[in-house]
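Let me begin by handing over the structure; questions about it come next.
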Amino acid sequence: MSAILDLAAQNLLSPVILCFALGLAAALARSDLSFPEAIAKGMSLYLLFAIGFKGGVSVAAHGVDLGLALAVLAGITLSLGLPFIAFSLLRTLSPGVSVLDAAAVAGHYGSISIVTFVAMSALLTGQGLEAEGYMIAVAAAMEAPAIVAALWLVSRKGGESRVGGELWREILLNGSIVLLMGAFVIGWVTGEDGMVEIAPFIVTPFKGVLCLFLLDMGLVAGRGLRSARGVITPGIAVFGVVMPLIGAALGLGAGFVLGLSTGGVAALTALAASASYIAVPAAMRVALPRANPALYLTLSLGITFPFNLTLGLPLYVALARVVTGG
Amino acid sequence: MSAILDLAAQNLLSPVILCFALGLAAALARSDLSFPEAIAKGMSLYLLFAIGFKGGVSVAAHGVDLGLALAVLAGITLSLGLPFIAFSLLRTLSPGVSVLDAAAVAGHYGSISIVTFVAMSALLTGQGLEAEGYMIAVAAAMEAPAIVAALWLVSRKGGESRVGGELWREILLNGSIVLLMGAFVIGWVTGEDGMVEIAPFIVTPFKGVLCLFLLDMGLVAGRGLRSARGVITPGIAVFGVVMPLIGAALGLGAGFVLGLSTGGVAALTALAASASYIAVPAAMRVALPRANPALYLTLSLGITFPFNLTLGLPLYVALARVVTGG
Amino acid sequence: MSAILDLAAQNLLSPVILCFALGLAAALARSDLSFPEAIAKGMSLYLLFAIGFKGGVSVAAHGVDLGLALAVLAGITLSLGLPFIAFSLLRTLSPGVSVLDAAAVAGHYGSISIVTFVAMSALLTGQGLEAEGYMIAVAAAMEAPAIVAALWLVSRKGGESRVGGELWREILLNGSIVLLMGAFVIGWVTGEDGMVEIAPFIVTPFKGVLCLFLLDMGLVAGRGLRSARGVITPGIAVFGVVMPLIGAALGLGAGFVLGLSTGGVAALTALAASASYIAVPAAMRVALPRANPALYLTLSLGITFPFNLTLGLPLYVALARVVTGG
Amino acid sequence: MQMHDAKRVEIIIEAIMERQISTALTQVGVTGFTILPVLGGSGRSGHWTREGGVGRASGMIAVICLVAPPRLDSLLKGIFPLLDEHIGVVSVSDTQVLRAERF
Amino acid sequence: MQMHDAKRVEIIIEAIMERQISTALTQVGVTGFTILPVLGGSGRSGHWTREGGVGRASGMIAVICLVAPPRLDSLLKGIFPLLDEHIGVVSVSDTQVLRAERF
Amino acid sequence: MQMHDAKRVEIIIEAIMERQISTALTQVGVTGFTILPVLGGSGRSGHWTREGGVGRASGMIAVICLVAPPRLDSLLKGIFPLLDEHIGVVSVSDTQVLRAERF
């Protein structure tokens, strides 16, 4: 227990988390501190490229076995299944939420937040626990299935969604998935040699960039919280904290069954616990335009993301240690 | 004397200053070289974050004593007092300048230019003279009081300024102050451990980023000079060079009285000598919209900033060495 | 022969080239992956600054002799002469192309692509073959003469071009030339000392930035190819591959005659083989607004650039090794 | 200078709809339009700003479309389905253009 | 398609005034507006450009506001104090909108 | 509030022409204009977008110019030579401004 608290305190006092807190506080205090949109996008492209490349290099180093395929399969299953749990839970905790809105939210919780994954990787590296390199592929594979589940939930309840070629393009050729997987493949192909060439760009300054990026995420989350105060009822807020814990429990179980390393179990737990705020919102605007974006964005970015970042991640690491005995 | 000239030559031939000169020359020759606004803002966010964080880490390392509080107090006093000197001096040197314009200019010279401070830090590091880490806090504390003094000058002369909640928010929750102080606190809290994590991002490449940023500043200053030629009379130009020297003298004295290190005295001298071109102009547009921005921006960015950067800084270091015997 | 193939394979599997391929593939598959314009410009400013500075430092280290002047002269001659060859070749291979369009294209092939030069430098560094530092000056000198040749071609054929002060400013004070040459001079003046200060910014992460930049170039090239499919006939496409080989042959010969090092010969070959897609297109929009930008941009960025990057560069290195016995 | 009557249609719509709106316009024969970036705004769904954001789910664009008056109706019919479902506003103003044959 | 008369107000004003103008508009009951970035311009105070700049003291924005005609007057009265003191221009054009109840 | 008739000229033209258009406007005595960035568009020369691009050869801007009606003709004559050669469109709308003496 005291180990968990230690890790939690250490996590809370890391520059990365403090930067997020600074952004959040500045936005809530209505400071005009802000990052240009282009800089925010540039940092996110950098992070996706770096994390994808590193994953690929690690797969090149450790070789690929059945584990990759099984882990991807497990990820897809979680992504498809979690929305059903999320849908029921949200409708139970806050019956006023419409079917459409609940389905849209559910899609977010089946899918993943790549920044949460990145923060978990940084935490694990600090602990000397590296996840399997192919967890990047698992992350990419978990992005989209949840969207399918959400649309199925809507149509089952007689709702209408605008599914067409445009939506599938949006989902599958989504810039962040393409960049993440593309960098993963490049890292895999070029291996350690490629890494030596570009490590001073993608490895050494990585954590510093992550700090600035999380500062910006704090600003965006804070602005969202401020303008969406009316939308979040207590029931909805509870959902934003309980749902990641449910996702975490299932991710933890899956990781254990798959026999992943301690780091791998923690990473899969974080993926299952996290909620999307880039890919799924964009898909939902196309597929379910009548669903309320203030609801799903505030829940995912304003409540679940900060919860995971601060308390969730150290808890998931501790649990992963327990189940793997690591 | 020859030591001063040596240092001045060394400063003038450093990449940082040559980059500024390149930008200035390119703009005056009407080259279309330009940086996107988002990149310029991104670089300034980086510099603020890096310099704030480093200051905080240094305070964590050296502990905090009465020195910090006294230095902050001295900074506030300088910031409040300098505008009165600047106001009288400008009205004497160029009697045609209106009360409103003179007060607006005065506010700029009481406040500080963080980039001048950063350039001074880079120069000091090269000389093996580090300023006290808490000089960052002094810099932040000197930003705002000058604005109050300027508004008081206007109202004393029967002028009208638009002071309201919006203005105080503009002044106190100003993005650059929040980022600088936020990073300072984070650096303080995380200390040397935090530094190790992000030094490859905020320390190693710092000087290179500063070069590109000053290149852009040169472009902006050159464009300003070109379009504001009519505004700057000889009297006004003289003010742009004499006022920083007066500020420097007072800063030097204050630093000496406080018993700061050689680097600390030099840094406080540079702060007092520098004029704001980010925070105060923005506050003046809100509070004194009828004051002429071409006047205060050209003076501060087109005359005083280049003067300090090229000749002022090495002079201030030399003077600090003399008074501290360092 | 097998050495050439080895080098080609090694080049094709380098992160830099794979990133370009990823961008190309993503754009052709109509993914929405994209870089903000400001980020793309920021990266190109970084690359120009870094490459110019490094060239200057290298000149400072090795001293300057007649070689520089002769190489610059050779570069200017190539830049002036190549457009005439390009003009005739294009009109022969594709007689339907108008005089105006052919002249505009010709101007591009006399001038150079700085990114091709940068990619060549990266390849050479990997082979332990550094080009002479002053090749940067040669590159800068080759940018503009080709534009003059193109305009002369138009007027000789009775066409009309809009030549005026604005055009000359566009050509000579062009932002990329000013930055490249400015950084070169700063590198020369500050030499090894300057390099030590900013190497962690302009040297260590260089290749990583180049990767991201080429990813973006791949996206832009792919979008261009997709939207300009109608413009490129087989004859025109053949020109896009044959013309760089002709340029390469002449560059190779010139480098041999000048007695450059192996790396220098390879660099000059790459310069002659490459086609402009920044400076010349901009000048052509001013001087020959009725020429079709889809033609020259697609040829230069969509065909010749990828050809040089993937197959051309290793071939040119191999040829340079053969002629210099290096 | 000879000017011709035309309509200036200004569509402020979610950025994510860029491709669909351009497809819809092309389908009704409108191939000329210009897209302006939007920094922020306010509407029934509250204030928003583009600053710092990464996702494409928030953020809007302004599409400006100059058309000959007879083509206005088919243009509006073409884009109406998108507008109905999505956040955004449309306004149509009278204007004048040079070289009518282009529009 | 049923269109309704409306006014299109275009306010070009200093970027630093963004918050104040939005407060002023909200106070007179206008909650719908869109903010476009401005790259540069020229006026009695000379040429300027946003390129390379860091501060918020220079730089302008364009605020576009579609309102029902009866609300135009209170809108103009609400923003006039800001315009009077600050650099900028306002223009008002007739336009037509779908779904009048929104404006 | 006293409003005055004016013309709103909107010129969508290649970014590379920014300097020339501003010179041309100044030469015919028009010193007030505002330049908006353009993200992308479509016309007879196809679709284009500014994303990821580095060069200044592609990319457009929108120049907005409010003028008193009597000055419209000389404005159009001044910019016509540029428009004729370059890609772009111009539209002129009736509008109303405060403080007519400025335009």
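Which chain is which? They are A, B, C, D, E and F, in the order written, and residues in each are numbered from 1.
By definition in this document, a residue touches a chain if its C-beta (ideal position, glycine included) is under 8 Å from a C-beta of that chain, and two chains touch if they have at least 3 such contacts.
It should be emphasised that the depicted structure is a prediction, and the values quoted were computed from it without experimental measurement.
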For chain A and chain C, the contact-path distance works out to 1
Both-way neighbours, i.e. chains that touch chain E and touch chain C | B, F
Please state whether the interface between chain D and chain F is built from the same residues or different ones, using more than half shared residue numbers as the mark of same.
-> different
Compute the distance, rounded to whole Å, between the mean C-alpha positions of chain B and chain D.
-> 45
Take the average of all CA coordinates in chain D, do the same for chain E, and state the distance between these two points in whole angstrom.
-> 19
Expressed in whole Å, how far the mean CA point of chain B lies from that of chain C is 41
Name the residues of chain D that each touch 2 or more other chains.
-> 36-37, 47, 56, 93-94
Residues of chain B that touch two or more other chains: which are they?
-> 32, 34-39, 41-42, 170, 204-205
For this entry, which pairs of chains touch?
-> A-B, A-C, A-D, B-C, B-E, C-F, D-E, D-F, E-F
Counting only contacts in the complex, chain B reaches chain E at residues 34-37, 40-41, 44, 162, 166, 170, 216, 219-220, 223, 227-228, 277-278, 281-282, 284-286, 289-290, 293-294, 297
For chain D, which residues count as touching chain F in their complex?
-> 1, 3, 6, 8, 18, 22, 25-26, 31-37, 61, 64, 66, 93-98, 102
Mind listing the chain E positions that touch chain F in their complex?
-> 10, 12, 36-44, 47, 60, 62, 73, 76-77, 80, 83, 89-94
Within their complex, chain C touches chain A through residues 13-15, 18-19, 22, 25-26, 29-39, 42, 204-209, 211-212, 215
Chain A-touching residues of chain B, taken from the complex the two chains share | 36-39, 41-42, 45-46, 49, 53, 169-170, 173-176, 178-179, 182-183, 185-186, 189-190, 194, 197-198, 200-202, 204-205
